[in-house]
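Below, subunit A partners subunit B and then partners subunit C, in two separate complexes.
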Partner chain A sequence: MRIFLKLCPGLLLLVALLAIGIPELMAKQVGMQGEEKFWERTVRFFLLQDTSVQIVVLGSTLIGISCGLIGSYVVTRKLSLFGDTLSHAVLPGIAIGFLWAESKDNIALMVGATGAGFLGVSCLTFLQKCTHVRQDSALGIVLSGFYAVGICLLTRIQKMEFGNQSGLDSFLFGQASALSVEDLWGIGCTLFIISLFILTAHKKLLITGFDLSFSRSIGIRADSLQYVLWLLLAFCIITSLQAIGVILASALLIIPAVTASLLVKRMNAYLLISATLGAFAGLGGSFFSFLGQGMPTGPLIVLVSAGIFIFVLCLRPTDGLLIKWFFSRKNTLRIHREDTLKAVYQILESHDFQHQTINTQALMSKRGIDIVKCEIEIQQLINAGLATTEPRSPKLSIPGQSILSLTPMGWEYACKIVRNHRLWELYLTNEAKYAPDHVHDDAEKIEHVLGDDTIRQLEHILSNPRKDPHGKLIPSLTDMEMGNIESSPSS
Partner chain B sequence: MNSLPYPIQVHDLTVSYQRKPVLYGVDLEIEAGSLVGVIGPNGAGKSTLIKTIMNMVRPNGGFVKILGKSPKAGTKHIGYVPQRESVDWEFPVTVMDVVLMGRYGHLGWFGRISKADKKMAHECLEKVDMLSYANRQIGNLSGGQQQRVFLARALAQESSIYLMDEPFVGVDAVTEKTIVSILKSMQQSGKTLVIVHHDLATAKNYFDHLLLLNMRKIAYGPTPKVFTEELLQKTYGGRLTVFSEMASQAAKQPEIETAKTIGE
Partner chain C sequence: MPLIPDFTINQVFTQPWSTTQLITWNLQIILMGLLVCWTCGLVGSFIVIRRMALMGDAISHGILPGLAIAFITVGSLGIGTMFIGACLAGLTCNFCIEWLHTNTKIREDAAMGLVFTSFFALGVTLISGNAGNIDLDPGCILYGELGLIPLAEKVEINGTLFGNRAIWTMGVVFICVVTGAIVFYRQLLISSFDSTLAKSIGMPVKVIHLGLMLTLALATVASLEAVGVILVVAMFVFPSVTASFFFNRLSFILLSSFPLGILYTLGGFHLAHWLDCSIAGAIAVTATLLFIPACLLGPNGGVCSRFMHR
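Coming up: the complex of A and B.
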């Protein structure tokens, strides 16, 4: 949960960004005039000033919660495509309900949708039980077949005399502003039943989802549970159709739940986050739709939830894409720093530690990099408090012509890196029997990742060696004071 | 001892999938407190036997009795450890959640997990040396660690009979030793254990009874008696060609129904 709280400000920011971007676009489209109206409408939406707004806000939030909850089970049980099929399968039912009532009568539409949904599931079950058609193919067949029938019927309806003002296309893409009070009751009841079901059967749902055969072995009726889940899924989809539409209904089931799966490792938290994100998405979608004066709600809901998904994907703790990029960059910088330090050490060593400073020119040629890069690396050492520079002569300060000396901390760090490198080389030649000319490249990489524990182990295995395979000194803890190393090359 | 019902009794059991017989006329009586290894080649029907005893596959003929009761009533006395592949490892549960599932059989619809249940789960995790992983997501474990968690869940069930399907697959040598010693201590406390195993080399040391299975029961008895060259040859060498041909013939007769896999 703490994770989520941390993300909250970010989410708000994202919503705000969308809020600035989309209305601009829509304002032009529907001929609204400028900022004033946009803010007026925003205020109207969030102050819940009239009943129609209240219905929209309440309805879309509750739908979001229902879909988030059921969606958690849909996603963890790999039923995503099933949800999509079910939502498309109810379309012919809605059309038939309309033909039957000859108007947009909610009850008729509900009955039609439920009937069609069941027919769809029956077809699916038949295809799976009685043929060798694979499950995903069966889902594809039922989805497209039912949808095709639905579209044909809808087209016919629109050609009929009572069809013109039918508003049935709001069932295709969703129109939250068309939600009625009766719709709200349906939505509320569905949410209530879903919550009740999850509360009572939470443990059984958990265990049947994770390990079906084990759950059967302890006497859980996994099949009944599955059917109830399907039933609730169907109700959830049917009651949310008015707001989100047939085509995109499954998005609200899937996206918030998948987003939750990026964040948590336990089902309780998963449900909570998924429901919250669902509510956010529902509310956000209907808000933008309200601003846009009749933009279909479905796509906007999907955009909001997808936006949240991308946001979480990039910024989630420990392995978000941006976070990872940040850490890998930090790591690269560290490696560069360590390589520079090592180069400084080697230059000092090549003069038998007679001097305590080097000039930038020497470092450039040792590292094989140009002056610009070299300056950057030196600057980074200075920033990290590992080195200091002064101009070569007080009068002229030309780039690449300065004197560099390590601070005590920098010196210690450099010794440590060189020590890591040489210990590893020695380990490879002595213990892993590498030839001495094969070990350098490997040590170049390993030196940056050897932890203190590993070093201690290596010291132990190699019994505190003094010289590396090339006969060079392995600077030890006691050598790390300048004086010691200065006197040691002769020994 | 003999007056008590057998923990597991299988009589003339025949099971087939889509008319292809997998088990044929298997008789088996397992005595309380035995540690039984079920061995046989791939596709011999070992998993099928376990699933039939667990009432997950319906037999075409014969019956299974658990503690003298029908499988339907009896399976709740059995701790079942499925094959590792049968589980969704991506599922959002932690190691602790999984072990607590072992306690679910003792809870009702509104049953809450009590402190005692949690303590028990704790102890079971400790026994398999996985306590430090209690809050890990189950998918982040290695194969051997997952198998240990399964074992901890079985321990938490406190059953008197255990059926385990290939608990040693994908497990390193150390874990295998741990599991075996836990199995032996379970046996010592009076449990009956039936373990599907595919490694002949170790079977001899792990189990005190062996069931050699290849479509038919080849032999069942104390390990020293059953673990003989001849019987093993019969189990692994040359498929029982004549026999399986006859069985297939018989299966084509209409009176032998196809086994229905329950709920699959």
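Coming up: the complex of A and C.
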């Protein structure tokens, strides 16, 4: 289990690589014959040369922004899976709207989808309020029940004479290139209403979202606010269906908002970042879909936003996985260095500080490690300027046969570590009444993290001791300042 | 052609069973439908009482990239490779959700929504990107096609024909699930209702959970050809929730997934025959239609009985 947990970041990274790599690969595989055409299309997309590209770019960016805005509220109010259910539940509405208008008429589809969405929400509320069905089962029931009706109607429409299916199929996975100017108007209006609502009701939304009972006590009608939010959520999903599709519409709500929640804590910044990320995801997805002609846009939008999420998860400041890994590695290296230095000190001490140098063999047996690891540890000390080595005889340098001596800085460092260790042991035996043979393991851990202030305090409490509980001398401050082995502690 | 064709008993109920050829064809469909309903109903009951109905949804979406990769590398619809791919993807999905949930401040529902949509998107992109090379299209995985099950190739061992591969696979999975449910009934019961008690009497709660997740993946993969990844959620959730309006005891709920499965399959089959639409969709619609009266009139916590009590 622990190994799996450790592997998880790696797996996530793999998914990220796939997410970034696959659309590229596919773009080359599906529509493109050569490299040249790939670049041609890229340029065409970003220079906004023709109207269809302009519509796609504008539409997907605006959808991303409105989903990012509403998504922030969805995620903070724990409605993520509610959004998923709602987006599946509009499918029968779309089919009925299509049947009603007998063509892909935007207004009919919109009315149908809104109706179905409302019915879905009412069923959900009814199941939760009036029966013992739990929330997760209720969501599952509404989701799959409505979706099943939708699938039946869609397969039925396919077999009817006016079943001009090509338009309807794109509602499952989205097709951004099929966005029309009327769609754009719908998207723009939704975004306008959403922004207006957020601007006017920002404070109320904030209070109801974080402390419901408080907001009720100061007279905010939390329920009606909640219903407006649901309504806007439904509009947001419905207008984005053409670009992202029924099945994955909830992803564009959830993923940018979750990504933003990793970065900031304040709601204003959260909304802003979430909207920006949503816009990037929409733009990126429609770009890849444009490259690989005929690729469904929805999954690509989701993959782009998942890629952004993984990037943020790994590299966000202070808490990012890679950043954390880097720091913990740095720490591990430091602890290794300190352990090596301590071993060197103890070897010198066992010879009563008669020699200034030790040989590698002694260090190997003291640390209980093999020659390769020992060479690595010594190399790390040398890199940090804490020690120098020279071959035992000037002519040949055999691994594991060299002579190691500490630099003044290294000596001071070694004294400090040993001092930390022994002071702590003494503290545990004298003040915390531990048995002297129980203190070593504890001190092994804490010696690396004791700060200077703590050491001063320990000295004060223990009144500047000279010997540790095992009778060994504690290197004193003067030893450390001398930086010289000849002035050994015994003198 | 109107949306709802005329209903004639002859056309809907008698015609599918009129000739020997039609009977053998339709019996295979019914048999497959029954096996899918029973298997998913049994697994789903445990999922629902553990409040993990949406985990079922997440896993069934999350196995898609595994299926796609297995299919692209091996190139066949064999249950073995597909199952391995699906299990790996499902477990990865599960671990990612739990990892995000425990190691970051992301809440469980958001983590679930994030991970399974991403996995699903990856799967759909892989499939539609390779659409030219493989005969696996998103539509097939999304809604399945129960009507085409009799077309699956025949199993042949030592020259003897044994019949339809898809049905055999589903049958084996069904027998596995039934055996598992009978053998581990006590463990599943205790760990589902009181995981602390289960831990204190020394049950490997995590192993049971993992086993259930694997069974879920197995059931999903096996029923994929027939009902697709989204409607399989209906097969998981509806039987046990419908039964919960009649019974309190888990054993009764488990057993009632058998008669419910028969009702769903026969009802769905004839509904699809009448309306000329997807059979899997019609089965799920039947399940919904049966759920509504159960929810309203069921003696155990139905809306009417609650109203009467007040």
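Basically, the second predicted complex is superposed on the first by the 447 of 491 C-alpha atoms of A that agree within 3 Å, B and C clash if a C-alpha of one lies under 4 Å from a C-alpha of the other, contacts with A are read in each partner's own complex, and residues count from 1 in each chain.
Following the convention adopted for this analysis, contacts are C-beta pairs under 8 Å (C-beta built on N, C-alpha and C of every residue); 3 or more make two chains touch, one makes a residue touch a chain.
As the structure is a computational prediction, the values presented were derived from the model and not from experiment.
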Clash or fit, subunit B versus subunit C on superposed subunit A: fit
Partner chain in contact with A:Phe210 - subunit B first, subunit C second, else both or neither: first
Touched partner set for A:Cys152, first subunit B, second subunit C, both or neither: second
Subunit B versus subunit C as contact partner of A:Tyr270, first or second or both or neither: first
Contacts of A:Ala362 with subunit B and subunit C, given as first, second, both or neither: neither
Which of subunit B and subunit C A:Thr131 touches, first, second, both or neither: second
Contacts of A:Ile323 with subunit B and subunit C, given as first, second, both or neither: neither
Which superposed partner A:Ser261 touches (first subunit B, second subunit C, both, neither): both
Subunit B versus subunit C as contact partner of A:His88, first or second or both or neither: second
Touched subunit A residues, subunit B compared with subunit C: C
Minimum Cα separation, subunit C to subunit B, after superposition on A (Å): 7
Residues of subunit A contacting subunit B in one complex and subunit C in the other: 78, 261
Footprint of subunit C on subunit A - complex, ascending: 1, 4-5, 8, 11-12, 15, 18-19, 22-23, 25-26, 29-30, 75, 78, 80-81, 83-84, 88, 99, 127, 130-134, 136-137, 139-141, 143-145, 147-149, 151-153, 155-156, 159-161, 172-173, 247-248, 250-251, 254-255, 257-258, 261-262, 292, 295-296, 298-303, 306, 309, 313
Contact set on subunit A toward subunit B in their complex: 76, 78, 200-201, 203-204, 206-207, 209-214, 216-220, 222-223, 261, 264-267, 270
In the complex, subunit B residues that touch subunit A: 51, 54-56, 75-76, 78, 80, 82, 86-88, 91-94, 97-98, 101, 104-105, 107, 109-111, 136-138, 153, 157, 262-263
Residues of subunit C defined as touching subunit A within the complex: 1, 3, 48, 51-54, 56-57, 92, 95-96, 99, 103-107, 109-114, 117-118, 120-122, 124-126, 128-129, 138, 142-143, 206, 230-231, 233-234, 236-238, 241, 244-245, 272, 275-278, 280-285, 287-288, 291, 295, 301-303, 306
